[in-house]
Structures are given as structure tokens and as C-alpha cells.
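After this come two complexes, each holding chain A, first together with chain B and then together with chain C.
Right after this comes the complex of A and B.
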């Protein structure tokens, strides 16, 4: 009898990424369509409300574009909070986390799968917000800025989901009712990251501090490229470079946080603790 | 006579006890995950941030001139009071969703000898109380920070109290009806927030309802929300620039608020009755939702 060859480490890693991304795509796009409604409606309704505020203020038209682009990014921040940061907490609660830990794969492959699935699903939602907001309010974008804006946007997403991985480690050991923490990180982040106004309006100091969140710089860069004349923190090139530097930084921080917290959790028996 | 009085008393006492117990339950569920001081910060973080977002948006476009400050007051007062409505729609819906799916207690509450609406009111009362506290915190912070003309001695307290009472009754009656209706959804967590977000657009909270396109503007005029917020602004600011219905006097707006509130209560009661019957008929009260 011949033994089947063992799969290589890289093959297991990639299969894990696919396996974790798969339910995210299937559950939202196919099985639980009500989630789609929630996740499209909330950023879209927030966007529409803020556009009307600018219209009531007789603001110049580019401000409407500011809000629509902010609404798209809002969908990603909500996904990072609710589907990355809190995910391992839910997984521990329903008993999946212990299965991840005892299986012959890496938690980072699981995280990558979560991020990949989340990005694909959220991009579909953000596209709906972008198309609806732009068509409803007649927002026009600079055609020449689309390709560089896409580049800055991709770097922003990578940095953002790396930050999400850090949050996933921290939230896992935060304690009870972690969604309160996620809820608390919504409006304050919308404010400091300038989702509905140029972040420069908060002064360069606040804008600089808020730049620790990849959303702040990413949104500012994309706005500069698509809505010329927008008030900016710094140039889009510099912002993209800082974002690119944030990718390895947050990835390293996530590795560090998971190693520390996994070891601590194994010692304290908290990987299998439910309802805690 | 004494037997009848005793029955009435025990029924009233039972209702009072149920209200107290459900209020305590709601408070424990919503706040015992952290220390009271942190919970207070958590409770005001969202409305304060929302008000700050609007204040910065205003400043970016209008600057900081005395002439345009009326609209800033409009934004801040509307946003502060809206947190009550937001909390009501979210809390009633989430409370029912959690009690059915997470704690699996909804069927026991339904079979208890107290009206379900009393339980629901108590379950959300603590959150609604913290929402009212956050209204005060937002206004207290905004007045000095944004140089708003808010002076406790100038406030028309009777008008503010009447408007707030009518507005709260209107909001809670619709929120309760919607929350029972949402039992029909498999996973209704978050739907209360969607309803609140829809009403945010047509409620006159952050921009005059005249800005809305025709049909939405008409719908907004048939709801009490815009009149409630209009009267709170009039009571607090006394600024014609912060008024949506400048050609109508306080009494006229109050009458509209009263009329639309009565209409909304009647409609909400009918909706609640329908939603309750449907939930019982379709077995939605103890439906397994795989929380």
C-alpha cells in the first residue's frame, strides 16, 4: 500500500486561504442575502444624508463627491470592524477557533482568507454605493485620475486589512460583548478620518495623528486624484508611500500580537472560553 | 368593591414590577460589560462624534461667521435629539432579536402575565435614558465649543418638554411596532438601524425637509419628527435662521406635531397588532435563528 504524498506547507496555506474566503463569499452573496441589504443600506443612507446636508449648505459640487467616496470607504471600515476585528471573537464563541488552532495550518492563512473574502464582498457593496451616490447626485470624477486612484486604493485596502488583523488579535482577548468596542470605533473614526469632509479641516496635527489609520490617507489620496482641487493633507504620492510603509508595519504588528496573545491564551486556557 | 380594587391594584403592581424588572434587565445587558464610567463615555461617543462631523462639514463650507451660525445651531440641536430616535429604533429591534435568537427567552416573555409592550419599554428604557443624557452632553459641549447661543435661562422649558414628550411617544410607538414586525426577518440585527437611517433623511434632523425631492418631502410633512425637532430648536435657540417652518407660529407647529403624533400612534398600534398576530400565527416568536 502506498501512502498519499503529504501536501506541501504552501499548498495547505493556499487551500486554507481559499477555504476561509469561500464561506464569506457564499454566505453573503448567496445564502444570507439580508446581510447584503444591511451592509449596502447603512453606508448608502449615511452618504445620502450627508449629501443633503451639503446641498442645504449650497456647497460646491466636489463636496458631494467627497461624501460619496467617503461612503464607499465607510463600507470597508465596517467590514474590517465587523468581519475582521470581531471575527475570531465570534469564532471562539461558536467553537471554530479551537478547530483552527488544532488544524495543521496557520492562523494567518485564515486571516488572509477572511480579508480576501471580505474585500471581494465589500467591493461589490462599495460599487453599489459609488454608482448610486454618483448617479443620484450627478457627481463627476477626473477620468485621468482613475488609474492612479485605483493604485492608491489597493494599497489602502492592503494596509487597512493588515490593521484589521491587528485588531482581530486585540479584540479576541478584549473580553465580553466585543461589538460594543466595534460600535464605539465607528462614528469617532468617521470623524477623525474625514469621511465626509477634507481631513485637513481638522488641522494638520489631528490629520497627521489620524493618518495612523490607513483610511485617512487613502481617502485623501483618492479624493485628490478623482476630485482635483480638493483640500489635501499632503500630496497623493507621499500618502501612497506612507500607506505602503504601513503594510509591513501592521503585518508585523499582527504577527507579534498573535504570537503573544496565542501563547497567553494557551497558558490561560482562553482559546476555548465561550461567552467570555 | 374591595375585590375589584385588589385585582386592579395587583394588576398595576404587576405591571410596575414587570417594568422595573425589564428596565433592570435592559440596563444589565447593555452596560455590565464594562465599568459605569466607561459605559457613559461609550454612550456619548457616537452622538458627540456625529455632531462634530456635522459641525466640521458646516465650517468647511460656511466658515465661522455670525450670519451663518443659525444653521449650525440647526445641525447640532437636530443631531443631538436625533440620537434618541436612533437609539429607540435600534434598541427595540435589537432587544427582540437578541431575546429570540441569542438568549432564547422571547417565548417565555410572551407567555408571562404582563403586556409585551411593557416589557419592551423597560428593556429599552435604560438605553433610551442614556440617549437622553447624551442629548444633554452634546448640547453642553457644543454651546461653548461652537459658540452657540444656548442659555438655560432663555430656554422655553414648557415648549421643550411638551415637544420632547410628544416626539418620544411618537418615536417609541413606531419603533415598537417596527421591532415586532422585524420578527419576520431571519436575522434582523441591524434592521432597526436601517429604519432609523431612513428616517434620519426624512426627519428634518440635519437639513430642512424642503431640500428633499417632492414625494419624500410630502412624506416627511406627514410624520411628527420634523415638527418635534423644529419645536426643540425653537425652544432652545429662538433663531429664525434655524427654523424649517418660519411662516408658522409655535402653536401651529405644536398642533401639527400633535396631529401627526396621534396619527402615527394609531398607525403604529394597527401595525403592532398585525405584526403580533403574524408572529403568533407563523410561529416566529420561538423561531430558531442560529444566532
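Right after this comes the complex of A and C.
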């Protein structure tokens, strides 16, 4: 067999991203039909239930929009937590992580692939929540805010998935009981990110601390831009700038975490599950 | 890295470098109450074009050795080079040249088809999709999996799955292929197909090398050009299967089956003229394997058996096998070693 020229590191990186996104894309595109129920229909019920709570309490109409937008963003957090942060841990259990590590690719490329695949899947879910919730409950959005809100949303996603990469490294290394760890992070983040209420209600101090999570700022910015008059932490421009600053910070932290993780794992044998 | 190893490698051209070379390789795991020495100073030289077997019981250190050579694990001390590259410092380059397939491997994604899964792993090496598909299709054909190319991985039998794993290991055309117990739990036919493909692959290109760990003696005997016998982190012998069996060939190897009864192994081992002995229970009988210095030693054996009152159900001499070589070198059979 003739030996092909060695591919460049960037080619390996890009091919890995696409290849790792592929299983998530094919599952979304109909190979696993149960996904439609578990990933779209059932989560939609949670959002609808919360809207009914607000309606029963005669909350102001913008609050229904709060809930619908919160339901959209919640999908991304769940994706980051359950399908990204925990993924390497499951991959280690079935031996796939070993194969990633001994290949010439980088774990960061694998994670990026997971993230892209996850974003596609989750965006489908978020779009259904947004469309159904908005139509069902007659939520009106500020037309002029759509484009800036999309911009803030994209920056939020980038920062969020960079944070997800950091969590993936931490979970892999410390997460003997990943299930509990994920659960422990799920509800508190729902709470401090203000998925179903304006985070400012928690006082500026708690809101400020919660701003370390891209979701908090992103959701607050998108709500301000689409639902004028919403109670907010600070202006959407400032929030988007802080989010933009979080991107390189979390990306750097993720690269650092994976470098340290691999070094330590090779030293301590933590990438290996099989016996001596 | 030792100075000797550095200078010998520096003065070599790439093709003359050994495929694998280790010196005083040691790996210790931290554990409670005391640390576990998985490798206790291993020296190994594997030439290009070889199928090299690492044979030993579970827990002998085989998998630790493989993990170090495949860059998954750092050695505690000593040095190791694969394809001329240091596994500690040059691991990123080395990963372009190696591949690993483990027995019972369930890696990957069950919802993908066989062809998609193989393509996915080829992309981690940056292969162009057209080239990857051409190689995948050829290998699927060769291993009799062409018909299931578009079947979901989750629907494969264990034999098919392991053949697919082997293709995954071959598709990136590695210089050194590591096979860690590749036929464990496979039926006879699937195990034979895997062994046949390994032989064919190595015969295609003299620059390729296979490192195989197994605790199936017959597999090592049939497949390997040379073998290292590992036990408790040490290499106790290495050579061709014929060389390893040579020591035993001077002895008389006797299989003796006795009806179950009082333990006899220690009494037999203590007899003059009995070089080694092992026993494996089988249904209602105990099968003893005895290495005798000469035929005359058999009379002592029969006396001990008679005194024990146990009935002989079968007795016969046979040609020595690798199992016998292992017993002679280690003093216990492979299964006894695993139980310790």
C-alpha cells in the first residue's frame, strides 16, 4: 500500500470536528426517532407549565416571553451539562476515550465536534420551544431587537460551550459520580441564571455573581432586546461585551484544563480502565 | 533514557530502528495499603516486520506495557521508544504512526453504521474521506463484513464487532499495531479470521510490526515470530516459540488424569526427577501436566499415585507446547498464576 503524505495538524483538527459532530447530526436527522419525543416534546411541557403558572398569577404579559426565552436557553444548558460535560466520562467507560487519546487529534477538536453537533440538535429543540410557546401564548417581540438579540445569543453560545469544555475536563478527572455532579449543577444554575424570572429579582449581588455563567448574561441581554421594559442587570451592550470577554477566558481555561488533564491522567493512569 | 539507547538510536537510520525498544521500563501504581509494581524493569527489542507476542497471565503487566507503548500511560522510570520515537516526549508524532485494538472493545457509537464508524475513526488521523472509504471497503470485503457495512454497529455480533475493530486499527495504515487480547471471548471461526488478517497484513509490508498480548498459548504459538513471557512485571524469557519450547524438549512431558481425591500436586512437585507440575480440574478428573527429567522418574510418580488411592483414568506422553514452556519457566501454569 502506498503511504499517503502525512496530513497537517489543522486538517486533522477540522476533520475531527466534523467527524465527532456526525453521530449527533445523524441522530437528529431521524435515525433515532425517540429523540423527537425526549428532546423536543417533553421539555416543551416544562416551559408550557411555567407559562400557565404565570398566567394563573396574572403576571404581566412580558413575563410569558421571559419564560419562553428561558425555555429556549435552558435547552442549551442541559445539552452542555448532559451531552458535553459528561461525554468524555462515558467515552472513557466504553473505551472510546483511549482511541481519541492515542490518535493524533486533540481532545479539544473532539469536544468542539460534540459542541457543534449538540448545538444543531439543541437549536432544533429551542426553535420548537420558541415557535410553539410564542404562537400558543401570543408572545410579541420587539422586531428591531431581533438582529442584536441574535448577535448576543451567538456570543452567549460560544462562551457557554467554552465553559462546557472546561466542565468536560473537570468531570472527566474528578467525576467518579458524574450523574450526581450533573444533577448538582442543574437546578442551581436554573435558579441563578433566571430561566423563568428576571435574574435581577435575586438582587444585583447574586445576579452579578451569577454573571460568571454565560447563560445569565446572555438570557438577560436577549430578553432586554426582545422584550423592552424587562427588569435587567445592566444594559445589553455591556452584557454582550462581558460575554465576548468570557469567550477567550473560558477557551483558555479549557485548553489549559485539557493539557493538565492529559498530563496528569497519563501520569496516574486515569485514561486507562483495563487492568494491568 | 539510557546513554546506550540514545547513542544507538541517534546513529541509526529510521528503517534500521527497532520497532519497539524499552530499557529498564518500570511502572508503579499508587495503591492502598502498598503500591503495586506492574512493570519491574522491562528490556525489550522488537524488530520491524515481526509479530511479537507478550504472553502472561492476567495482571502480569501486559496491558500496562501496551498502555505505555501507546502513550496512554507514563512510565515511572526507564525508557521506551516506538518506531524510533520516545513515548514520553514525542508522543504527539508517535500517535500518527500507531494504532490499537483491544479484545471486547465496545468503543464508538452504536447508532452509526459500520462504514460510518470506521470513517469517523479514520478522520481522527486526518485521512481524506475518499481514501478512507476505499480502504474501509477493501478491508470490509477482506474480512467478510461487506454485507453488514450499512448495518448499525449496535446490531453486530461480538465476532463481527471485533473484526470491525481490527479494520479500525488497520485503516490508518499504522507502522506499529498493538493488539491487546484481540480474540478474547471470540468463537473459533472469528478468532481464526482475526489471526489470518493479522498475518496477511504483516506480510504485505515488511516495515509493519504487530505487538500482540494474549494469554492464549496456542494463539501466540501459531501467530508470533517471537514471544516474551511476562509474569509479575518481569520478562522471564523471550525468543521464538521453538526456542522457548527447546528447554522443555529435553524433558519428558506427561499428561496424567486422576479421579478426584486428596491433593497430590505438592507431593508430585517434591519428587526427584519432576522438574515441574501443574493441575487443572476438569469435570470429575484432575488433569496433571508433569515435566520429568527422564522416563525413569515416572515410576516415582506412579508410586505416589498408588499410595494416594486415586484411580488413573488416562496417562500419556506428548510433545511439549508453549504452555509447558511457561510452566517450566514460571514454575506454575498460566491458570495457577492468574489465581494467585
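Side notes on the structure shown:
In this text, the second predicted complex is superposed on the first by the 265 of 276 C-alpha atoms of A that agree within 3 Å, B and C clash if a C-alpha of one lies under 4 Å from a C-alpha of the other, contacts with A are read in each partner's own complex, and residues count from 1 in each chain.
To be clear about the criterion, a residue touches a chain if its C-beta (ideal position, glycine included) is under 8 Å from a C-beta of that chain, and two chains touch if they have at least 3 such contacts.
Since the model is a prediction, treat every value here as computed from it, not as a measurement.
After superposition on chain A, the partners chain B and chain C are accommodated together without colliding. After the superposition on chain A, the angle chain B-chain A-chain C between C-alpha centres rounds to 90°, nearest 10. In the superposition on chain A, contact is made by A:19 with chain C only, not with chain B.
After overlaying the two complexes on the shared chain, residue contacts for A:8 are found with chain C alone; chain B is out of touch. Judged by the touch definition given at the top, the superposed model places A:32 against both chain B and chain C. With both structures placed on the common chain, the touch criterion links A:258 to neither chain B nor chain C.
When the two structures are aligned on the shared chain, A:89 is found in touch with neither chain B nor chain C. In the overlay built on the shared chain, the residue A:171 is in contact with neither chain B nor chain C. When both complexes are overlaid on chain A, the residue A:105 reaches chain C alone and has no touch with chain B. Minimum Cα separation between chain B and chain C in the superposed model: 7 Å. Applying the stated touch rule to the two superposed structures, the overlap between the chain B and chain C interfaces on chain A comprises residues 32. Across the complex, chain C is touched by residues 1, 3-4, 6-8, 11-12, 15-16, 18-20, 22-23, 26-27, 31-32, 94-96, 98-105, 110, 266-269, 271-272, 274-276 of chain A. Every residue of chain B that touches chain A in the complex is listed here, in rising order: 33-34, 42, 45-46, 49-50, 52-54, 56-62, 71, 75, 185-188, 190-191, 193-194, 197-198, 200-201, 206-208, 211-212. Across the interface of their complex, chain A is touched by residues 29-30, 36, 38, 58-64, 67, 70-74, 92, 95-96, 98-100, 102, 105-109, 111-112, 116, 119-121, 123-128, 131, 168, 173, 180, 204-205 of chain C. The part of chain A that touches chain B in the complex is made up of residues 32, 34-35, 37-38, 41-42, 45-46, 48-50, 52-59, 63, 175-177, 180, 183-184, 186-188, 190-191, 195-198, 201-202, 231.
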